[in-house]
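Sharing a structure below in structure tokens format, with a few things to ask.
To keep things simple, chains are lettered A, B, C and D as they appear, and every chain counts its residues starting from 1.
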Amino acid sequence: MDPIEAVKTTFADQVLGTGAHAGQPWVDVKRDRIADILKMLRDDGGYDMLTDLTAVDYLNQGMAERFAVVYNLYSVKDNVRTRVKAWVPESDPTIDSASSLYRSAPWAEREVWDLMGITFKGHPGLKRLMLPENYEGHPLRKDYPLTGRGERMNFPRYIP
Amino acid sequence: MGLESMLPDGVLTSRIEALVNWGRKNSLWPMPFGTACCAIELMGTLSSRYDLARFGAEVIRFSPRQADLMIVSGRIALKMMPVLLKIWEQMPEPKWCISMGACASCGGIFDNYAMIQGIDRFIPVDVYIPGCPPRPESVIDAVMEIQKKVERESLKQRA
Amino acid sequence: MADQWMNVAIYTAAIVGVGLTVLLVSYLLGPRKAKPGKLDPYECGVPMLSSTRERFSVHFYLVAILFILFDIETVFMVPYAVLYKKLGVPGLVEVGIFVTVLVYGLGYLWKRGALEWD
Amino acid sequence: MTEPRKTVMTVEEELEGDLGTKRMIVNFGPQHPATHGTLRNIIELDGERVIKLEPEIGYLHSGFEKISEYRTYNQTVTVTDRMNYLSPLCNNVGFSLAVEEMMGIKATPRCAAIRVALCELSRIADHILSVGLQAMDLGAFTVMLWTFIEREQLYDIFENVTGARLTTSYTRVGGLLRDVPPDFEEMVRKFMVKCSKTIDEIEGVLNGNRIFIDRTVGVSPVPRDVAISFGLTGPLLRACGVPYDVRKARPYSGYENYQFELITEEKGDAWSRYRLRVREMRESLKIIDQVLKAMPGGPIYVDDPRIVIPPKTAMNTPGGGMEGLIYHFKNYMMGHGVCPPKGEVYSCTEAPNGELGFYLVSDGTQRPYRWRVRPPSLYSYQAFPYMTEGGLLSDVVAVMSSLNIIAGELDR
């Protein structure tokens, strides 16, 4: 069962387009019903492993929206991979969480929230994963300076 | 403020200093503050081929209470800096610090938001080891530098 | 007889002497600097989460008592081990009774499940 | 939570009601000998039993993905070998394969064979230290010292081939830094003889060791579907019986023409992870043997103008001088050199800890637009609470070292 076609037929209104590069096809979808799409792929398509969940910041690259949350799925049984890209607008960077579908999702989503600033609705415990709790800003965004905004300097100096 | 601060200078004190420094020099108990790749190289220095035990620094203490030489081996991230400060505070007084590798000494190849650009901005460092990761020979050389430094120190300085 | 006690006295004096000199030297020649953070409890480098003065499970106490029990048993067997040649068979019988009583106790505890953790 | 066995002690336990013991919160913190790196677990204990365990990571977050967006493709190779610093060569090979897949290039047979040989050598380096640390955590310190003797032999080989003991940065997009030295095969053969002897010794010490068996057999068994749902890969997934190995599932760099067995264990507990790593080391020795036997000759660089600078002779010969100079110019000036076409790729290889995936998005320039790494340690450490809750505190240490979590790869 070709996953891209299956998503196209059942969620025709959600699909924004498809693409392929280096022999790897993917499907772009809106963010509204991403949980149902993933559930369908997992249950009917047999994609039982969410290999990787990440996000890309297409700041003024002329894409549908600014952020794309990328789901790399893999089916262990018949050894096939697919990729679903959910587009998230900059004005309201939220999307449904996949933690209820895959147990590998929570930390990946926490990392995306921490570094990219996309909140996941329905996430069991959305906290920062990599950076300290009191860190403001999301460093992996394109408009964030590489050397940070001074967080790496404000620590007390040890007076001997 | 032990007795040594009241001791007058002279032959007696220099002999005691020499004895105390000789004792401290040959029994440096390192505390490996190992975070990243340099920690693997530090383990290589401690194992049988390069054998840091020949310099008396074989006993690895993971608790700051029993250590007197802290080897910061590896890069220090934002979240790790308060831990480093707290552990350095908790070490008892005659303590020295080696900053092993480029990442600990000056941030190395990671000049970005997440890395401390050198731990000497926050804690006093006695010996820096260049290299990424430094070879075990240069780690041993650094321990010998610390031993030379311990040898020259006077007790009053540490009082 | 007296010289035996002399050896014991010299021996204990040596022990106490070495102990005291080590402490004294480190107390006199060791630098001491009172820093605010120095006396915090060491919790792998992060601030304390829960105080250590909490009530903990009674099982720890049980295991400790069992250890002391069987540790004293071995202490009692040390003098026997020194003189087992002289004591001969009667000594062996006495120690045998002593050990079987304790082994019986160990078997009872084992069956009762005191050695398991939960 | 396993139902606590009813013992006659229960009579006293009712009394415990008013003696109620509060749960103790223990911090298995970032600076701890048993965490092998900067990991932190906040454990809620009832006596010795672990009620809740909450890992906290990020203590070595070095912003890999941000600095790689400011480097060209061949410069990021130096960043990759600081991620999994137990087996840096696997990272280098994984990254350059991803970029080659994006550009649609296939490495030359000799380059592919050298990459396979070095990948298997560094897999042995990673597995042998992981087994050594697992044994050290459970008390067998000598095993760790033995493994370091082996690793020093491997360091000699890596240093001879790549110039550095640990941070090798050996592969380039479309080729390698340089060819292997002539005595490479003889060094590797000498190492293989000694390594199999050491593996026998390690197995001799640990396989029948009562303490090691008691501490690892039946500890944290993970069923198959839970492991797949957690996204576990590599030794942890194969220890649960799922035959998924990227070298077989998606052969890359010539793995399809080497015969090696895909090893799986059954129960997925700490013991089968240890067994799996030891048996996988023997398989790697077999693969290296086959690679050395069938090492093809020929160039190590792909003959592709976008990547390779022309040999010196082509440049200053009177006939080809101008064209060679244009070659050289196009490769080094800004905006030229390795510029993959616009697009994205997710390519994964079998790193010692699991499936190491690179998700690269390129916008046609010299620098990657997005450089995402799928670290196997992140997903195996996420399953750590599932494996330890309900067990004893001492099992936390046994399971932690059986996962072989590496903080550099975990926090990136």
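Methods note: contacts are C-beta pairs under 8 Å (C-beta built on N, C-alpha and C of every residue); 3 or more make two chains touch, one makes a residue touch a chain.
Everything numeric in this text was worked out from a predicted model, so none of it was measured.
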item: Most distant chain from chain B by Cα centroid; value: A
item: Whole-Å separation of chain centres (CA-atom averages), chain A against chain C; value: 57
item: Chain A and chain B, separation of their C-alpha mean positions in angstrom; value: 43
item: Distance from chain C to chain B - Cα centre to Cα centre, in angstrom; value: 35
item: Sequence positions of chain A contacting 2 or more other chains; value: 130-132, 139, 144, 146
item: Residues of chain C whose C-beta touches two or more other chains; value: 44-46
item: Chain B, residues touching no fewer than two other chains; value: 78-79, 82-83, 85, 87, 89, 111-115
item: Pairwise touch network: line, ring, star, complete, or other; value: other
item: Interfacial residue positions of chain C with respect to chain D in the complex; value: 43-46, 48-50, 54-60, 112-114, 116-118
item: Complex contacts: residues of chain B adjacent to chain C; value: 1-4, 16, 20, 63-65, 82-87, 89-90, 92-94, 155, 158-159
item: In the complex, chain D residues that touch chain C; value: 4-5, 7-9, 12, 16, 19-22, 24-25, 27-32, 40, 42, 46-49, 392
item: In the complex with chain A, residue positions of chain D that touch it; value: 57-58, 61, 63, 65-67, 70, 101-102, 104, 225-226, 228-231, 233, 242, 244, 249-250, 341, 343-346, 348, 355, 357, 359, 361, 363, 369-370, 372, 374, 378-379, 382-383, 386, 411-412
item: Partner chain A, residues of chain B touching it in the complex; value: 78-79, 81-82, 85, 88-89, 111-117, 121-124
